[in-house]
Amino acid sequence: MQATAWEPEGVECLLDASGGLSDPAAVSGLDLRDYYKKLVAARILDLKLGRLQLPMWASSAGEEAVSVAVGSLVGTHDWIYVGNRDAAVALTRGLAMPELIRQALGHPDAEMRGRNLPGSIASTELRIAGACEPLGMSLALAVGQAHGQKLFGRGRATIVLFGEGATTSGMFHEAMVLALAHDAPVVFVCKSQLWPEGAPAEAGLLGDSVAERARGLGLWTRRCDGADVLGVHRALGSALHRAHEGSGPALVEVIVTPMHQDPPAERDPIERLRRLLDARSEWTQPFQDVVEAELHNQFDKALARLSAETRGVA
Amino acid sequence: MSVEVQSSQPTTERLATVIADLLATDDRRCLLGEDVVGGGMLGLSKVAANDPKLRGRLLGSPLTNAAHVAHAGGLALAGLWPIVVLPSSGALLEALPSLRELARQPWRTAGHRSLPVLFVAPDGPGFGLGGDAAESVESTLAHVPGLELWTVGQVEDVPAALHAAADFSQEAPGRPCSPRVLLLPRRLLLGSGPRGSTARPGHPDLPATLAARPELQRLREGADATLFAWGDALRAALAAADACAAADPAIAVTVIELARLAPLDPAPLIAAARATGKLVIAHCGPRTYGLGAELAGQFADQAILQLDAPIRRVCGESGPFAGHEEHRASPSAAAIVDAIVDVVRF
Amino acid sequence: MSVEVQSSQPTTERLATVIADLLATDDRRCLLGEDVVGGGMLGLSKVAANDPKLRGRLLGSPLTNAAHVAHAGGLALAGLWPIVVLPSSGALLEALPSLRELARQPWRTAGHRSLPVLFVAPDGPGFGLGGDAAESVESTLAHVPGLELWTVGQVEDVPAALHAAADFSQEAPGRPCSPRVLLLPRRLLLGSGPRGSTARPGHPDLPATLAARPELQRLREGADATLFAWGDALRAALAAADACAAADPAIAVTVIELARLAPLDPAPLIAAARATGKLVIAHCGPRTYGLGAELAGQFADQAILQLDAPIRRVCGESGPFAGHEEHRASPSAAAIVDAIVDVVRF
Amino acid sequence: MQATAWEPEGVECLLDASGGLSDPAAVSGLDLRDYYKKLVAARILDLKLGRLQLPMWASSAGEEAVSVAVGSLVGTHDWIYVGNRDAAVALTRGLAMPELIRQALGHPDAEMRGRNLPGSIASTELRIAGACEPLGMSLALAVGQAHGQKLFGRGRATIVLFGEGATTSGMFHEAMVLALAHDAPVVFVCKSQLWPEGAPAEAGLLGDSVAERARGLGLWTRRCDGADVLGVHRALGSALHRAHEGSGPALVEVIVTPMHQDPPAERDPIERLRRLLDARSEWTQPFQDVVEAELHNQFDKALARLSAETRGVA
């Protein structure tokens, strides 16, 4: 298959464009059908939330490899600092749908009483911290959280999600510096949005890749392709493993392709894994329909109950 | 075929025209901000972006926490008159160290360096997003030594306020400019004003220079009480004054709009306070440590002999607020009316 | 052979003992700051650095503009009680966005997350360096929603103030802590206090908990006037009150020290104001938009019936100042005496 | 000659430890005796200022290669943003000694009325901007100044001096980002202080060299040895030349060796050039004595006159 302008550079490939797996041993412990279900759930959640016409809403379709890897890989005592397009992290980690919807709607009865930033889903029990207003602020909070975890000696870690736009901020630089100085068990996960025609300078992409810049500071880094769901899972798994082990901070850069830009089908992370499952005869259309319907039902029921409650109150 | 049916135009469109005109009338001016080349987050550079002669002075910047403000100051030190359009007045708090540095430069250099730079930012409640985007930052910015802080309270005045704030023609050797902030209440940005009244040079509606924009305006005259207000609270203040005038018995209220919040010139405010001795101050944001306290403090010192009622401050509640609670960030007209009645009947 | 000849000890040494004791009494505490491992810029971690049991909780940091404050907040979110020693209160303005974020977290999370973190910073004039190092930042910090802001005005109280501010034992599920700032006037840091009065646990001079440090203190009693002051201005205020008491005819002045500036509890201040109706407020930093304005505003509203003189605010001049001009940043005792005489004779 | 722990790594060498010149053509236009005089003047100025017992005073002995290169190379219309140990920049650029001393003393009659930060010497006429209080702030101002110069199309440039401690600040990162985004004619000059035992993490040295980190962002960079006065001159000259030509921003890192740490003699930049001159028979002790005496006299006279004036006023 010929590489298109959509293919990111400098990434290692585990699951290729046609669904071929270069190193099957790398995913030996992973139930791929189950993982696929989570990815589909993430996509449908995005679709359903998008239909709510929320203020400042932005679709995360195309970023599922990140949300699902984060939601699946973190340990119970790890913290995740999310942004505004990471609702699927909470879903994957197990946040109940009614609460997820309440938060998305900014409902006063939600856990955070509607005080989250638009699009940001948090949970104290699941150790998911919501987004902050100043650019890059959650990176520095996450470093402190991770440093604290290390001081308690618990072998726990903190993950923080952000976009390439934050990497021109001073906070990004200072957060990396502090993580290095204190050898904090923090994993920086940068979702770099790339356009085929190249991002404008203002978007925050300067010099070489974010991963390469972070490596220049002394960080352990990986750069991967967001369409390669298994590659993302592997890279994030390694970074988290290092952090849990006390080997210090890491940065994982994932090149994400927004689905609303109509990229070729193989840039869709879900489609790639589908091709692999299909080749192994583990995918059928009815399977797909059931997985999708399940999420649709869950969402619709929760929303209906919430509307009924709200009407009841009013 | 075209008839003049559209008598009103969105504020953001009116501002886009002002910005293009400002750039056209002095080529020292340049425009900074996120996505200015693409029209800007609020569309304020749309007109300029379509003008090939102006496009070269639209300077799109990467996202930074604080350096973009210092960068604009450096451009001013080099002889330009930068206009920086910020997405939110919260960005000025985020860049506070830079803003403080710029405002300090004329002092630090004993007047040898001038900083003709203007920062324009949406302020206070209005967009329904809560948090930073519902905060009125003037009470923090008023403490930046050397900064000139302006705001505007009437939707029809917004283009003129921008036009005046972007004027640095008073700059001269030995008379350095201070950096200037113009806060635009978000609700006014969502409003609209008369279409004709744009900022074309020579247009009679517009002040040609900053000197032409008064630091305060008397918007209503009345002998029973004096009401001081600014920014987003002015609308409620005027509504309250009008309600009082229409009441039976009528209460005649003088309404004073403060346009320049820092540096503050207390003398005309004190004179207005003495004239009635019945004083109400209305502003957005929390009352405690709000800028209204300074007015009350001035009056309690300089107008004490004329004071024959408590000085009432009617303000927003203490924040922050969630999006659905934004109305709590500003005083209501009803609360202002109550305060007026209170002090008049005292 | 050793006799107790040394009755006084530099404030910084006394604080170094308090810090070591704070670290020793609760192992959730850790100390952050530049060069804390080497004893710290002001020597405040000298005692702790020499204690092998404590050294592991001295966390030296690289120089950052803002992230160090957020980092400390993250440590607090993880369950620690960080104490951050800053080189200057200006560092809190430099890191304002971080401080605002920390102070907002308990609100943002609807009380689910707690931030037991203390920032300690030298404030106001005293070191003779001018600029940032002569600025009193409380008028800016008081606007940070959710922040607890403390200061101290008497040199002998400084260790107790630190001890109390570092106490977060009131933290409980559903009762989150707010981040706290303790401003230490630079002149007090240069002073000294009684050697015996250190912070050894169980020492009777020290408050065991924050609850034991009152938000305000009545330091002098008198029926002729009420004088409100805090921080570095307190010394001048007490000197002025004593001069008035010694004058002929004597003027008896109540002196109220404000220890907690935010959140502000106006009720006891209003009661003290009503008691005499002759009011003077003294603080460092500029008068315009200074925190004294809020007090005056409260009194002009709530104590109007008892007010029978102007409310006078005696403050520093408007800055910034060069090193040789630092004295202009604080009010003099003479100016406070004049104001007292003025209002009493009015 | 054997390399000692004092020798910095990753630098190109022009003038070696024994005073040997690897590429004589590189300094063909330079009057080396005159350049030596400037270096000696800088050292003596530091000595004299040190004796005034000023508050927050720090010696710059060992950093003369930077001050003299900056002061000699900048064009009349270039701006220099200095720090607190760069008095010799003003001296080299030609600031009159009485004004220099007034500023050092924080005298109210100095051009800036004693408002400079301690140790910082500024001059409007000579286009030297004084230091700022927030860490890294002058870098961002300098970028704006340079960007403004470029907009006026004047082929002028701005130099900004700072230390390795500032490179962990967000301002440093953001200033580089802005310089790159606007292709501003700014030259960042970082004086990296190295101790033989290695700097503590807190001092700001992380990962690899500052120059290498800046290169990762896309900046043109050079790393040189502050003991190699001619190497510093060459690197800064190239950077300035590029900026004047419109080729964009640059960063020059200079590893400076503080003389008060008693390094070996060849770590002294002045001694190195003396060895070269000596080998060429262009140095004699009387020459040295005259150069030193000249500066001593200038300084003493100016100080005496200032004291007399001040007494006269008082």
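Letters are used for the chains, namely A, B, C and D, taken in the order the chains are written, and counting of residues starts over at 1 for each.
The definition used in the following text is that contacts are C-beta pairs under 8 Å (C-beta built on N, C-alpha and C of every residue); 3 or more make two chains touch, one makes a residue touch a chain.
In this text, all values refer to a predicted model and were calculated from it rather than measured experimentally.
Colleague: Looking at chain pairs B-D and C-D, which one is connected by more C-beta pairs in contact?
Modeller: B-D
Colleague: State, to the nearest whole Å, the distance from the C-alpha centre of chain A to the C-alpha centre of chain C.
Modeller: Computed value for the inter-centroid distance: 44 Å.
Colleague: Centre to centre, by mean C-alpha position, how many angstrom separate chain A and chain B?
Modeller: Those two chain centres are 40 Å apart.
Colleague: At least two other chains touched by the same residue of chain A: list those residues.
Modeller: Only 113, 115, 133-134, 168-171, 174, 177, 181, 201-202, 206 qualify.
Colleague: Counting only residues that touch at least two other chains, what does the list for chain C look like?
Modeller: Counting only residues that touch two or more other chains, chain C contributes 61-62, 64-67, 94, 97, 100, 107-108, 131, 320.
Colleague: Chain contact graph: line, ring, star, complete or other?
Modeller: complete
Colleague: Which part of chain B faces chain C closely enough to touch in the complex?
Modeller: 65-66, 93-94, 96-97, 100, 104, 107-108, 131, 135, 139-140, 142-143, 145-146, 262-264, 286, 288-294, 296-297, 299-302, 304, 307, 309-313, 318-320
Colleague: Could you pull out which chain A residues touch chain D in their complex?
Modeller: Spelled out, the residues of chain A in touch with chain D are 168-174, 177, 180-181, 201-202, 206-208, 212-213, 215-219.
Colleague: Any idea which chain A residues touch chain C in the complex?
Modeller: Its residues touching chain C are 111-113, 115-116, 122, 124, 129-130, 132-134, 137, 139-149, 151-152, 170-171, 174-175, 177-178, 181-182.
Colleague: Which chain A residues qualify as touching chain B in the complex?
Modeller: Checking each residue of chain A against chain B gives 55-56, 106, 108, 113-115, 117-118, 133-136, 165-166, 168-171, 200-204, 206.
Colleague: Would you mind writing out the residues of chain C in touch with chain D in their complex?
Modeller: Residues of chain C touching chain D: 34-35, 37, 60-67, 90, 94, 128-132, 320, 322-324.
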